[in-house]
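Heads up, the next two complexes both have chain A, just with different partners, chain B and then chain C.
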Partner chain A sequence: MMFNTILAAFLAVSAGLTATPQPGTPSGSEGVKAGVSPASKAVSDAAAFTAFKAKIVYLGNGTSLENGVVLVQDGIIVKVGKDLEIPAGAGIVDHDGALSAGLIALHSNDGAGGELNDTTRTVMPDAEARFAFDPKHPELREALEAGITSIVLCPSSSRLIGGQTAVVKTSGGVIVKPNAQLSLGLSSAALSYNEFPTSYSGALGELNAQFSDPKGAVSRAVAGSLPVLMDVNDRAETMRAIAFAKKYKLRGAMYGSYWAEDVVVAIKESGFDVICTPFDVGDNQRGARSVAALAAAGVRIGFGLDSPARHPASLRFGAAMCVRQGLAADSARKALTGDAADIVGAGNRIGKIARGSDADIVLWSGDPVALSSSIKAVYIEGKQVFGGSK
Partner chain B sequence: MLFTVLSLALGSGGLAAMPVPAEATTVFADRIYTAAGDVIENGMVVITDGKISAIGVAPNGERKEGELHVAAITPGMVDLSSRNTNMQTVEETTEVSAQYHVADSLDLFDRSWGRQLKSGVTTVVANPYDNNCIGGFSIALKTGGEPSLEARTVKADVALRGSFGSQPSGKNHPARRRPTDFYSRRPTTRMGVEWVWRKSMYDALYAEGNKDRAFDGVEQLLAALNGEVPVFAQAWATQDIRTAVFLKEEMAKEGKTKMRLIIDAGAEAWRELDFLTRTGTAVVLPPFASDGRTFDNAFYARDCAAKLHGAGVPIALSAHNDSSPGHSLGDQAAFARSGGLSFDAALEAVTISPARIMGIDRRVGSIEVGKDGDLVLWNGTPFELTSSVVGVVLEGELVVDPR
Partner chain C sequence: MRPQATILALASLACVTHLPTLGWASLAGTTPLVTEDEDQACAELPTYVLRAEKLVVRPGKVLENVSVLVRGGEIVLISPEIPLPEGATEIKGKVVCASFMDPWSALGVDSNVLNDKSLNEEARVSDALNLYSGDFLRQQALEAGVTTARLQGGYRGSTGGLGAVVRLDPELDDPSTAVLLSDANLGMSVGLTVDSGARLVRGADGSLQFLSGDEPVDVFDRVSAIDKLISKLESGAAYRQAELEYAHKLDEWNKEIAEQTKKLEGDYKKAKKSRDKDVKEAEEKGKEFKEKKYKESRKPKQPKQDDGKAALASVAEGEIPLVVEVHRSSEIRNLLERTKSFGRLRLVIAGGSEALSSAKELAEREIPVIVWPALRGNSAQDEFASDDLSLAGVLAARGVPILLGTGGRGEDATRDLPLLAQMAIGHGLDPEVALRALTVDAARTFDMAGSIGTVELGKDADLLVLDGMPLMPGTNIEHVFCGGRLAVSNKN
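Entry: the complex of A and B
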């Protein structure tokens, strides 16, 4: 922590040295001008407050604020508003563009290498993805540069009960939530050709055996204190997962949305959130249509990434595809930030531009779900980690 | 109009007293083959809330506009060996997986269900894929309706499915090749298949009332041994049919006299009439093959169904989900007729007989008041290769409209 503070102070100073030192200067084509006012030569004061001004602030809950100000202290958002009084000596980031919370990639493998798939056994509910997390992994940098400030590491869905997911940040090695969800493989990915289970009936038989006599993390899932993450693909798997969850009164999210438009009523009735399957260039429109149908039915959605198999930029690309198929842009931005955080139970800390949230902030040239917009700067807990006027 | 209908005395009494909701489905036909002993000339069937509410002779006079009138009506057909289940429906890591349920593995969104429905098959039994000796529990379900088990199930855990013959041993091999592979195990022979069956049954016998000897699947095996569910076993060839019967007789000697055996795909059952009649074993027959040669090189004689029926063996025909032209269940009945089976017996072999064999005849299999409103509408005499299925009614809903 001490080290972080010193580092923050150092960054603030170095930013001050390279940027225009007057606050409120009209922004040029560069878009971002970070600065420390001359009155705040005292390093401690400068580190204490930073005011982010932007033409539009997307709050992460589906609403936005024009010409908003986000006041950050010690890496935490302390105030959000239109005409805030900026404390004397505060650092000011005046951005001629859009500001949003850092994006959250649900279902990712970044920074975990091949450590999330223990092929020796298919049931290991007490394995925890956070112990596979390598905070210095270069993949995290790529995610960061795509505006992703938090990812959810998931044990492989090729396991029946793979373990527990973890919400981590893409910079600083911060673990936001260590035991976010219990990962269950209900898709054909959990079936094998040379080891148990080879069949859905075997898979369900084993899951029923585990959940009817729950132990460890499974008992927390049955008790409702640990949400489940059910990997599904086709419609039959989705319906099977819903029936399974109903049987044990489980709550949580399903990962897999491609076929959802055909079973959207059942999904809505299940109360489960849906983590949308990643998109790629050239994908069938069904996937995007399904996401739009889910949102229209009032199902809470977030976007999965499955990186590093997919480039982190495809997270935002997928959201844009869905907007083209009828998903409201507000819903898309919410799914990338606030709703994603709520799905993994971390909404009180990340995903929103709100008082008390971590200052994980992305400065965009325009709307985050417009693919023509580019990222100008990324901040994690108030510290600039990418871009800016360097 | 309905008040003028002359009701046949079928249980619930006269039509005049019966309120007829507006949403009732009424179908008229030149002949209604009820599979309950009656053929009604110029008849009609009324279905209310998914159940058959009245059957009778249609009123005389001109047909009204929009009336649904066809040449013939039969009950919705029942196929006990639907075969639209793939390898992911049986747990192959063990050769005996009695504790698993095929219901957990069905894809009700698969197109094959709808294809069967269009062919006039309204009820099927889905079985675990036959790669295991004892595969698990089968389920009886409708081929249409909302794609959920809740909506479609006729009877869950309707039979304990297993297989004799070459299929359960087909992939296994001795340990010298890839010994870590789970296929490196017994059985690799028919003898081994029977050994696994017999061992499972004795293991269950010894575990009955002895908790220390319990194992996964023991309850399910005991339910079968005690006759609570039938054993539904694939056995194409003579030797496999004999094996199944020997096993049933051995268990009877051990005191398990209530165990029920149903042979599936018994192509060579015609060779073993004595075995079948002396044990009261029912036989589900496979689809006909042009040269009579079927799986396991079993010879399926054209007169197999007729011979079995003549000997008093309960029979059912099956199309095995074959979608090629001329291979529907109705066509199988036509082929069986060409082998000497009477029309009535052929009708029963695709409707009430399979329903009785599987114990689901209280709901399906014949046109009787109170049963599910599942009908097949024909443009001519059923089970003639010159006629075809033109309409299907599933629980009162006209899912294939002939108009």
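Entry: the complex of A and C
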């Protein structure tokens, strides 16, 4: 990790894409605290500004801005626009390419060191994935280099009630949202041949018992303050999950999309978001077609990753496969950023290039959903953590 | 050496010879362009005129505003202006380029052959094709722009047998039309993790454990795998030597016999006289006449026919390339060192996850590496441990000839070759090199450059019509020609 920090520091000072403060401006905020005159205070504040200019800025909500400017102060986006006045003394990152919010990988195990699957019990609503998070794990670096700035750590799908997911950043050890969703295993993955539950009926029986007399995190899910993440696989599981959610007035997302094209209407009516399972080379095109159909029907979608078992580049690969099967590129970009953030209730902080959001920014050679685009630099909260001149 | 190829070459030649000389007169004239006795297969293919704003003849060579005349499955004319012949179909497009070839594929190969650990050098993957199943996969490959593939069997064994180049047209159910080359290469592998099945293993504490599935190859076995590979090549070279020696000796012997015969015939009268005299003398003396024994030198013995060794001989002599799947740097280094003595060997590295450490030598010896840019997670097999999506880009930057393939493990991966190529571009590969890898370089490596890989006169019409430059963001494929047949049309 020491090495990574040094590397990041090295990259930050290397030429090219890095911010270049105007000479003669004071750096740091020490001067402000010391109580200097208002004029010099303005200059000091300006030094904390960085202006990112890019040929095209993808805002994370499905729209984009040509020749946009993103003004960042203290790691937070303070202004986004076309012809922004850049404060004197601000650092400028002038990028001849595309800019987007950092990608968000829903459903990941990166940096959890295999601690997300407690095989001794199947019902543990109050287990929290954030406690498995090791911010210095090298897997996070790999995700970062694939343009992923936030991941959602999820308990294993093999547990009936696996616990609560956590939204974390891939650099800096930041936990964006400690209790994002309650993970429910409604797929066959939660069934075992020799341990409870061994059948769908048994699983549903136990879930009903837990949800009809809710305690702890389950009661928050029933009260609507904690969204659920329901793991499903085939059509029957999807319909069963929708019925279960309706019974307890649950809201949230379903993880699994392969057969969704046949049950699009039911999913749309349920109000649930869909998180796509990761895609691989040669996968049946039905999965990608289903994602396109869901998006066309107005279902909010995001992409799961299941890293480190999957390569972090699978995230964009999946998006590209879906685009090939008819998903609009705007929808794909939104699913990788803004919508993903909204699905886990962190849209006010990550996933968007908007005033008030964290400056988690990726600079691309071109469109992020085109696989031929390369990553030029990654910033988390305004700090460059990957990339440099090439 | 290559009966299949020869037959096909003759067939296509037959098609060409039936075409009248292409000039304005014949195009505008009323003479029927297809004669009655023309080969049926050729006659069935319609004529097309493709009008391209940009024609990518080969990566790096682009012509603007030209037309391409496709007749009988071939490109017969490329010119700025071609009037539309009667009955021909006109297709307009922004960009026309050669369609893609997957140089490392399993599409259409029976899975038992892919997993066969005991294939011999004479085994042909073309004998394991099932052209009736998986048509939807071939169709999807065509839709993605991939019209040809080199297939290889037996990746789980040390020998994969002879690879084949095939057309991925689902309409082609007959191997004689689908297989373009049945001995495209000989395939081998070194150091791959093998599926050892169920087995009992004695642990360090002496207890027996039941294991199943993949098992990494022991490091010493990997070294000896290269020894075996080299001794196979040597046996092939020796077989060829013995064949040549036999041919030479047979030639000498034939000459000797001819001379002897000539001499005997020339001396016939004299010899008869002398024999008659001897017979008479014997009669007079009441003795039995003994014929003089005719002595002839022994005919040289023909070496035992061995197809496997013949294939190895073709490899050792560079008549067909040798594709070795190898990943670890030590094994690549060892293989390069040991194959140096085979001056004519055309070595191709498949996979080459750690080939960067031998980049200099690979570049100097112009040994191509078929990079397989796959999405491997942390559970990938041992040999892929340092695999990285930037491999193609860094190798190419070091001057190593690279191709891009889908690994020959599963039938369904070939469809995604263009996505993998784009991913390699996104990780540093020059787009022009990527396009070359999918077209002309793949064709050239496997001796197909005479018919596919570029858009040139006399080449087969394996073409793409696109709305932008190939492999670039946002580009869509509008039409796909596979061997002259319009196999995909996404635009009315």
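Please note the rule applied: the second predicted complex is superposed on the first by the 342 of 390 C-alpha atoms of A that agree within 3 Å, B and C clash if a C-alpha of one lies under 4 Å from a C-alpha of the other, contacts with A are read in each partner's own complex, and residues count from 1 in each chain.
Criterion: contacts are C-beta pairs under 8 Å (C-beta built on N, C-alpha and C of every residue); 3 or more make two chains touch, one makes a residue touch a chain.
Please read all numbers here as calculations on a predicted model, not as lab measurements.
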item	value
Superposed partners chain B and chain C on chain A - clash or fit	fit
Contacts of A:370 with chain B and chain C, given as first, second, both or neither	second
Chain B versus chain C as contact partner of A:139, first or second or both or neither	second
Three-chain overlay, vertex chain A: chain B-chain C angle, C-alpha, nearest 10 degrees	80
More chain A residues in contact [chain B versus chain C]	C
Which superposed partner A:188 touches (first chain B, second chain C, both, neither)	first
Touching partner for A:297 - first (chain B), second (chain C), both, neither	neither
Partner chain in contact with A:56 - chain B first, chain C second, else both or neither	neither
Smallest separation of CA atoms, chain C relative to chain B, angstrom	16
Those residues of chain A which chain B touches in one complex and chain C touches in the other	none
Residues of chain B that touch chain A when the two form their complex	87-93, 97, 99-110, 128, 136, 147-149, 181-182
Contacting residues of chain A [partner chain C, same complex]	139, 280-285, 306-311, 313-314, 317, 320-321, 324, 329, 366-367, 370-375
Residue numbers on chain C that touch chain A, as the complex places them	140, 374-379, 389, 406, 410-413, 415-416, 419-420, 422-423, 425-428, 431, 471-474
Complex interface listing, chain A residues touching chain B	188, 191, 194-205, 234-236, 239-240, 243, 262, 266
